[in-house]
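Look at the two complexes coming up: chain A is in both, with chain B in one and chain C in the other.
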Partner chain A sequence: MEIIISDEVKAGIEGKALKVDEIKALINGAEASKDKITNGSKFLAKKKLGDVTVYADYSEEGGALKVNSVYAHKMILQDIVMDTADTEWTYVKTGAKIRKGHTNLSFMGATRSAPSLVDPASGESWLEEYLAAKTIAVAEMLFSQKRA
Partner chain B sequence: MGYEELFPKNDLSGWHANAAKRFASPFVDNFHDRIDVDPIILSNAAVNCGFTIRDFYEKPELGIHCVGYISELFDLLPVTHWFFSLPWVRELGMTLEYKETLPPVPTGPILDADGVEGLEPICKTDLQNGSTIPLFFNLYDYVQKNLPHTLVPISYGFDLVGASAELIGVEEFIMWTFTEPDLAHKLVDTYVQTSINGAEVMADKFGFAMLIVGSVLANNDIFSDDAVEEFSAKKMGTYVDQCFRRGAGPQVFYHLCGNHETDYKVFKENLLWSPFNVLHIGYQGQKVFPSDLLKSEFQDVTTCMGSVDTKLMINPNPAKVYEQAKESLLAGRDSKKGFILGNSCETPPYTIPGNLLAMVRAARDFGTYGTW
Partner chain C sequence: MAEILGETSALCPVCLRTIKASKIAEDDKVFIVKECPDHGSWKVQIWSGTEHYKYLYEFAAVQKPPQKFFVKEKKECPQDCGLCNEHKQQTCLNVVEVTNLCNLNCPICFATANGCGYRYHPTIDEIKKMFQTILDHVKSPRVVQLSGGEPTVRDDLPEIIKAAKDMGIEHIEVNTNALRISEDMDYLKALADAGMDSFYFQFDGTDDKIYEQTRGRPMFDVKKKAIENCGIVGVGVTLVVTVSPNINLDHVGKIIEFAALNVPTVKGVHFQPITYFGRYPKEPEDKDRVTLPDLAKEIERQTMGMLKADNFLPTSCSNVHCDMKSLSIVMDDGSLFPLTTMALGPPTKTDDIADKTRTEVSKFWRFIEDSMDGPSDAGDSSWRSFVSRAKTHYLTVSAMAFQDVWTGETERWERCCIHMVTPDGRLIPFCLFNCTATDGTTMYRRKAFCR
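For the complex of A and B:
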């Protein structure tokens, strides 16, 4: 399926030192493996690229896949700490209901938890964009400062 | 003359450099020196510098400079804070008055049921033109200029239930939780939304803003576990979630003041746990909340803060403080995500200096990393 990426989203991808082709490969991989979650109107897929975990938020529109946004975090997803409630998200690969929860993240030798979307059965976790782009981004900066 | 002229500079290369490394320890597992002591010093710092409790609250820049200065005396935190428990209520129409021996207190309730029905959250623009935001902007501008090594921009939700209750009167609010629960929820939700807007204004200016939020009025002396969950824990979770969405955080200090004998169980699943949070619980019944229970329940999601009873801090018996601090440290010091030693609430204004020294001595004796 064709993947449409606007100039604005492309600029955001390049601003994160990522390549557009890498994002297309991420999405193609998620489509082939069904390793993605959906809330009925859009999909969220993730892949570790080098030192960062990259997410593509995309929708199906008129027979093509439109990329809404791309974001990333350096903290490494580890084990699920707890899950507390169902969400609107479903794991396409298994049909499992995605839960609201917390996941351990490791970074620079420390492990701390953060709010996340989780699938307890597979152990998979996803961070939503607002967390990765704001809360976790500042946390990574503070970790770097405090570990210095 | 500015307040900064009243104080010698902090020892930056000696005390502060060491305290800063120590302060980072529980959050990033870069263990340095010993477990930190945070007695939640507020007006006690002013008293220790020869000023009054009223001075502390009426002159925030003086108050925060006292905190920054006196922290060096007791080898406490390398960061400063200044606050009182009722942010944002003036924007919602309440009048506060300064007292000689207390933080600012409300002159009385201002709303009835009809008033709450029509109550709306205060928007960002109105907050910027109110009193809380200008107060904190001026305060942090002062810190940036005069104590930059101690600056942590903080936005206070503080006691979401307690501050809301003051708007109609605390007794009335407690009644409403039984007789008019929808109105009680509307009142708290309005205060919560106003506090979220305030946090966003702070984050807009500083790029981030530590959050301090607590459950003070909502405790087991007054409410059931279910009521604490509905009126406090869930609202605190919403507050932090929405603040994160708007760029505030990631640091969060959760302060559960008062008796949380059984309601502590409702907080873990309702709060949001970020990579940088501290949880502090004051009491279990009449006794300080046990650090071993705090650790076992919460160490997988947060840095834990144990307590020495604030009542002991004005008792002329430093040995008793030392023993309780020791007990807390031995029980909590190996918490998976770090441990801090505190008081069960703000250190009293007339805390005996020897008692603060006893806490720090205990932290050196039983909280030095690498000795257990």
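For the complex of A and C:
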């Protein structure tokens, strides 16, 4: 299926030092393996590219896949700390209901939790964009500067 | 071989007349060299690191002259200061002395409090007149430091603060030895209620042996109690350290460590290398002084590199050789990580340095503020709580090299932005106001305050 990426999203991808082809490969891989979650109107897929976990938020529109946004974090997803409630999301690969929860994230020797979408059965976690682009980005920046 | 870095003018330490002076580089040190036809010659070290001294000129901002001048007919800088149309920088800090009385009798005191032979204790109306001078001469936002003597000997200090706020002064800080703040909560609350914004705490170390030399008595418990009280009332404190190579230069790391442990009440540490004006034990030699680069190196060494010399930048508000500043986040293990570094290089547009600095810092905090959007998180062990902490747990470590009658020079005086306000409506650079000749004659202080 064709993957459509607007200039604005492309600029965001390049601003994160990622390549458009890498994002297309991420989406094609998620489509093939069904390793993605959906809330009925869009999909969220992730892939580790080097040290970075990259997410593609995309929708099916008129026979093509339109990329809504791409975001990333350097923190490493670890164990699920807890899960509290069902969400509107489903894990396409298994059909399991995705739960709201908390996952440990480790970065430069420190481990702390952050809210996440979780699948307790597989142990998989996904960070939502608001968190990855803000709180986690600030924390990564602060820690990177400390170690610089 | 000596390299001449520039020509300037200075003061004769004996007669206070204006004399020619040169700045020269020798053995990787910068000296001011001057000669009075009647009283001899002087060569005094003012900097360490010739290339660093030269490089800092690239950080010089295009300064904005004051709005109005008290002195209309200039004779010879710095003999009739007030300010005049040759002054190159607006006021950023207005110092208003509200008394020359003090509840201590320190061996070192720039104001020679309790020993100058006259009493200066203006009425509230006279103080209001000085506030009016500020309102007439300095553009908003006006920052006023109430100083002395010891301002807290005045029971009416809350009324003075309220009067300043009512007149439209935006920010008031009180410069204090903290003695009364440590023991009189009602008074502290009254100051806060009157609108005082922050304290400038004289703080020479974390060891009473230091205070016995600098203040003539143990004071560390007093300082700790005063900081605790400020935490209860919610008033921020900057620790102001007079640094002497003979007394507490080997203690600067411990002071920063103490400050970091006391954020958020403590907002910063401000080091002031000892300056020889007012009351001091003896005429200084170079070994009795510490330059800003040497202080920065000591900070790096004593903090085990946590805060490096390269983390200090000139504010560029006054002369680039007058001050240096760093900003760090205090981590939950008490360590610092700096957000400022010389590696960023000089600002590309120096004419808006103050605005640029403010914008960058505010953007950074705004970024942190925005990062707290979204659903709430759980527990102190979360990344959210870590980021939240960064918003409040920060520390500035800064320093200012005041100039005395030996080290002072026109290039720096005319770029000064820290001004004393006098009862007769003048604004005079702080260092110049306090310059004292070898016989104790002051350049401006006595003339301004002794009536």
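Simple rule for what comes next: the second predicted complex is superposed on the first by the 144 of 148 C-alpha atoms of A that agree within 3 Å, B and C clash if a C-alpha of one lies under 4 Å from a C-alpha of the other, contacts with A are read in each partner's own complex, and residues count from 1 in each chain.
Definition applied: a contact is a pair of C-beta atoms (placed from the backbone, for glycine too) under 8 Å apart; a residue touches a chain by one contact, two chains touch by 3 or more.
Every value quoted in this text rests on a predicted model; they were computed, and no experiment measured them.
Asker: Could you look at A:113 and tell me whether it touches chain B, chain C, both or neither (first, second, both, neither)?
Answerer: A:113 sits against chain B and chain C alike.
Asker: In the superposed model, does chain B or chain C contact more residues of chain A?
Answerer: B
Asker: So, A:17: does it touch chain B (first), chain C (second), both, or neither?
Answerer: Touch status of A:17: no partner.
Asker: After lining up the shared chain so the two structures overlap, which partner does A:136 touch, if you call chain B first and chain C second: first, second, both or neither?
Answerer: Both partners.
Asker: Who does A:1 touch here: chain B (first), chain C (second), both, or neither?
Answerer: neither
Asker: Quick check on the output: what are the common chain A residues between the chain B footprint and the chain C footprint?
Answerer: Residues 75, 102, 105, 112-115, 130-131, 134-136, 138-139, 142, 146 of chain A touch both chain B and chain C.
Asker: How about chain B: which of its residues touch chain A in the complex?
Answerer: Listed in rising order, the residues are 24, 27-30, 207-208, 241, 244-245, 247, 249-251, 268-269, 272-276, 300-302, 337.
Asker: Give every residue of chain A touching chain C within the complex, in rising order.
Answerer: Touch residues, chain A against chain C: 75, 102, 105, 112-115, 128, 130-131, 134-139, 142, 145-146.
Asker: Which of the residues in chain C come into contact with chain A in the complex?
Answerer: The touching residues are 329, 331, 335, 337-339, 367-368, 370-375, 377-379, 381-387, 390.
Asker: Help me check something: in the complex, which residues belonging to chain A touch chain B?
Answerer: Per the stated touch rule, the residues are 75, 81-82, 84, 102, 105, 107-115, 130-131, 134-136, 138-139, 142-143, 146-147.
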